[in-house]
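Take a look at these structures.
Consider the two complexes below, in which subunit A is the common component and subunit B and subunit C are the respective partners.
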Partner chain A sequence: MGLKQNLHNLKEKYKGTKMAPAFNALHTFLYTPNDTAHGGTHIKSADDLKRTMNTVIMALIPCLIFGMFNAGYQHYLAAGEIQAVTGGFFSGEFWTLQNFILGFWKILPLVIISYGVGLGIEFLFAVIKGHEVEEGYLVTGMLVPLIVPIDIPWWMLIVAVAFGVVIGKEVFGGTGMNILNPALTIRAFLFFAYPTWMSGDKVWVQGAVERTKEIANGSTADAISGETILGSLAQSHHVDYSVMDMFYGFIPGSVGETSTLLILLGGLFLIFTKIGSWRIMLSAVLGALVMGYIFNVVVDAGWITETSKFYGLMSTEFWHHLIIGGMAFGIVYMATDPVTGSQTNKGKWIYGFLIGFISIMIRVFNPAYPEGVMLAILLMNVFAPTIDHYVVQVNVKKRLKRGKLKTA
Partner chain B sequence: MGLLSKKDSKLILDPLADDNPITIQVLGICSALAITAQLKPSIVMAVSVIFVLGAGNVVISLMRNIIPSKIRIIVQLVVVATLVIIVDQVLKAYAYSLSKELSVFIGLIITNCIIMGRFEAFALANGPWRSFLDGVGNALGYGVILIIVGFFRELLGSGTLLGFKVLGDSVEKTGLYAFGYENNGFMVLPPMALIVIGVIIWVQRSRNKDLIED
Partner chain C sequence: MSNDIKIKKGLDIKLKGVAEKTTERAVLSNFYTLRPDDFHGVTPKLIFKEGAKVKAGEPVFFDKSNEAVKFVSPVSGEIVEIERAAKRRIVGIKIQADKEQIYQDYGKLNVASVDADTIKAHLLATGCWTFIKQRPYDVIAKPDLSPKAIFISGYDSAPLAADLDYVLQGKEAELQAAITALGKLTQGKVHVSVGKDSSSPLAGLSGITLHKVSGPHPCGNVGTQINKIDPVNKGETVWTIAPQDLVIIGELLLTGKFNAERIVALAGSSVKKPRYFVTKIASEVATMVYDNGVEQNGNDRIISGNVLSGKQVAPNGYLGYYSNLITIIPEGNDYELFGWNKPVFDKISNTRALTFSWLTPNKTYDLTTNMNGEHRNFVLTGNYEEVFPLDIYPMQILKSCLYQDLDEMEALGMFEVAPEDFALTEFICVSKQPHQQIIRAGLDLMIQEIG
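Our next item is the complex of A and B:
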């Protein structure tokens, strides 16, 4: 009772002042307010924006925890201290305390920074603009630590989050008004601003960058490297990971995007709770498969040979594209963002399909940026309103025509 | 204001702030995005446009009563083109490397909307002295934004100002770089110039609410 009553008193005390939105937000986030209606109102569902956001966060938690274990696992594996996991997903060799502790201490600061900076800016804008704090950042704040490399310097993350929230969202009017997905804006900013920290073979495994420095000054001789599968394929290198490794997520990559299995479960959870759109997810998967298959056909027909720089990614079996890189994560958690995606049902099919299709195209043809799903989603975010507009227009025309036939 | 009457000084001062060609009229954006990755080309560009627009406005104003209105655009183009070629040749003679760096953008001053805009809107209807002030004022307004954008893009994108390593050496890791600071590669790319200009517009309009249109 104590905290709730205190918050309530504070809220009453600051009512009508500039600071009011900040206290309101804390109060309603933690508790049901005292001033809710108890009698009959006309709201049928309890799903408000906060509930929606919390559901997505719940779907993300498994990825976060897996990411912590995987961070430790990749580090010790690359350092040669442990052997590769041979058992299945629940193999005890992977789920060790040692792995978890290393990952926990590396990833927790990223989560804190992401929420601290992002919510700080949201509160600031709410106070300046005099509206209530919007909940939009709750999911973004959880997505951000999951889509950056583990060793990203903290100040870069701070700069990027500030940029993403202000330029990606607040200038357009806050949650619900943004054109681009804020989490992806943050990642895209990092990607173009600090490319050495966002790509290559050194950033995906904890400690690899520092180890490179130590080699340079001679204090150690063993390099750590952890090229992502996409990175290897883009250079037509051989990939050592088995398909099951890719599916379970025992591979280097951004913090939370490696485990396709857990992302799949998260996606099913979102579909089951009706928070995420199954149309977008399904059509994006289809789009990726179609594009991947076209590339496979091109390779099989002999138009592209091993001498081509595109050979590595083009010859990848088409369905492998879904389990390597951030494809699955992007489709399930980013493409389905209700604010930046298409709103109409037909529009969702087109929007999703093009995301999958373009992702694979960027992946293959742009070896400098082997992950295409980020750019594809941002691109389609921009086109989503256009798609919706034409879907609606087509429907309007169809109905006008039907009306004319009747009256004629 | 002893030198200029109140009305005349408005011609110079208005375009600097509340009637800025870039942030309010949104003209001349293309060159502002293209050449502001470094401070030096921004300054050279600003000076070139001040010369072209100042002199061009005077020439057009002097000729305003003898230009047949049907072919006035062509006459205007000839005047700008002549002035731009003068600038181009001077740069080639005295600052060759800079002229290489600015490459096609000096030539493209001809197509800068601000210049034709001022010819049409002001010089054709006003005397030479007032036209001169108007031309210089608008070019200054353009130049100020260019220099602000160039300042931030060079400082944050390359860690230098006019080529001086003000933040330390990024290769030797001195100064700020010793603490792990890194240049922001995004700043060097043209999209970031658009965002910087957007932020300037944002700041300007939140300081002066009259500028906000519905």
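Our next item is the complex of A and C:
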């Protein structure tokens, strides 16, 4: 009672001042406000944007925790200190304290930077522009550390987050107004500004880059390979991860994108809670499968031979595309962003399908950067309003036709 | 061909405090206040000054832009006060009722034998025209436009709504007279809808096309029914009339008296004994809400109408002109600790984001007026469609109203909608956007720009 009353008094004190949005943002995290409905429905359903965003974060937490274990696992595995996991998903060899501690201390700073910088800018904009702090960044802030390489230098992340929040979102008017997914804007910025830290065969395993430098400086230690499966495939290298490894996520990659199993569970949770669009998820999976299958057929027909630089990825069995790289993560957590995605139900089918389809296409045809899902989603973000326009026009035309029939 | 309407999209909001089917006569109200705000878009021009005596059914003011449309006093008495707001806008015409009621006698009208123009003139002169609303724009019908059809919903699916089958009992003669009269005013049909398993007196009337509706709210909304039966196209007009108002129209035609009496439900979780009252239009709500109702000075909200589209009234306020329901629910002006992330069992939601109302579809809830969150930009998509049965894109039309693109508003279907059609999308809106206000503002803009 005391806390509630004190906070209420503070809120009244700040009301109308520049500080009000900042204070309210913190206050509303503790207490749902005492505002009552006026001028419309007198009752409101239980959901607000905070609850919605919180649901997405809950779906992301398993990926984050898995990412911490996997960071340690990949590091020690590449360094030759441990053996590859042989048991299933719950194998004790993977879920060790050693793995977790390494991953925890590497990933926690990324989370702190992402939230610290991003929310800092959000607060700043809210105070300057006098609107409330919006919840969109809660999800973005959690997505960002999950889609970057673990060894990304902190300053790069800081610059990228600042860029993404300001240019990707705030200039358009904040959450709900942006055209591109902010988390992907941040990642795309990193990718184009600092490609050496966002691709190649070093950055995906903690310590690989450092070790390379040491070797260059005359160290005799063994090199650590930090290549993703996609990277290997793009260069038609042999991949020695099993399908189950890929599905469980015991593979190198961005922090949180590797475990298709947990992403699948997260996706099902989002569908069940009705927060994520099952239409987009399903159609994106279908799109990816169709494109992958077309490439398989092309390879089977003998049009592409093993000497082709596309052979490695084209010949990958079509459904494997879903469990390697960021495909699953992108489909479940990024493509379903309601603000930047298609807004009509029919449009969602088209939008999702094209994301899956184009992702695999970019993946195969762009050997320099064999991860297409980011670019595919950003591309479709741009086209989503166009898709919606044509979907809505069907309804509009129907209405016009109905009117004409009547008067004819 | 089956005339039945069955909808799947929607949401039944089950609240505590449904009115019991017993009717009491409300204490006679001393004062009656006509509120021009009840008649959207009407600029009142007074016929009488303060202190004048009026009879029940005698015109008190008319619409400045539509002089034929007269608004009559529900009772006989003295106009004691003209309440004005800023710029001298009239917000209330307060009438002190006489002990002995005298009615203006308009004479009986044999509707079977007179022509449409006579009926129209009669309804306009007697104040009954005000019960006829039109779409597009959801305003009182323009007398010079002929409707392509007339829609009457005899089934109210809104939360805690008055049971229309119950309140219309025994009114067959009045209903029939009104329907016969209105039927002459349109070239088209008179569509009447009743609940699927209802025993409504409306079902037995002649001169109507009967539809049986079923499904969740808003299946009883007349807007839903229009959309399913015969949607409004550009250049067309349809009329809608509430069945309770048909009774008043019918009685006027049969007896020559404008009898403002109607049966009103008193409902809501704050009401001790929810039940029905016989009262008059524009009477003081205090005559009904305290006896076995709510606590004096309780923290409650009194709503004239239902919880989705009704208007808040002060404890010393008056029953709305079109209301047949007073809902009283607790105010929710309190904070809730971690309300945004803890599991919710006692509120309704159409998601499952740690909200559990989907587990108990038959549970009745005690909802407060709390917003359960803060106003935000539109973010989520696809959720409005789940509760919006009209063949219209709800989010797109709302946005077109916000950026005031008249062509787009028209193309997306603004001629067909009324604010109440967007009550459910507003209820479930995660961003807490005021959908009904947005639509109303959009319609007003269209009236102003297109007319």
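Methods note: the second predicted complex is superposed on the first by the 379 of 408 C-alpha atoms of A that agree within 3 Å, B and C clash if a C-alpha of one lies under 4 Å from a C-alpha of the other, contacts with A are read in each partner's own complex, and residues count from 1 in each chain.
The definition used in the following text is that a contact is a pair of C-beta atoms (placed from the backbone, for glycine too) under 8 Å apart; a residue touches a chain by one contact, two chains touch by 3 or more.
Values in this document were obtained by computation on a predicted structure and should not be read as measured data.
Counting residues of subunit A touched by each partner, subunit B versus subunit C, the larger count belongs to C. Of the two partner chains placed around the shared chain by superposition, neither subunit B nor subunit C is touched by A:Phe90. In the superposition on chain A, A:Phe189 makes contact with subunit B only, not with subunit C.
Legend: residue contacts after superposition of the two complexes on their common chain; A:Arg399 is shown touching subunit C, with no touch to subunit B.
With both structures placed on the common chain, the touch criterion links A:Arg51 to subunit C but leaves subunit B unconnected.
Put simply, subunit A touches subunit B in their complex at residues 153, 155-156, 159, 167, 171, 189, 192-197. Chain contact summary for the complex, subunit A toward subunit C: residues 4, 7-8, 24, 28-52, 54-55, 132, 134-136, 173-177, 272-275, 277, 279, 338-339, 341-345, 348, 388, 392, 395-396, 398-400, 402-403, 406-407.
Subunit C makes touch with subunit A in their complex at residues 13, 15, 159, 231, 233-236, 301, 303, 307-310, 312, 327, 329, 331-341, 344, 347-355, 357, 367-383, 385, 391-393, 395-396, 411-413, 423, 426-432, 434-437. The touching residues of subunit B, when paired with subunit A in their complex, are 180-182, 184-187, 189, 195, 198-199, 202.
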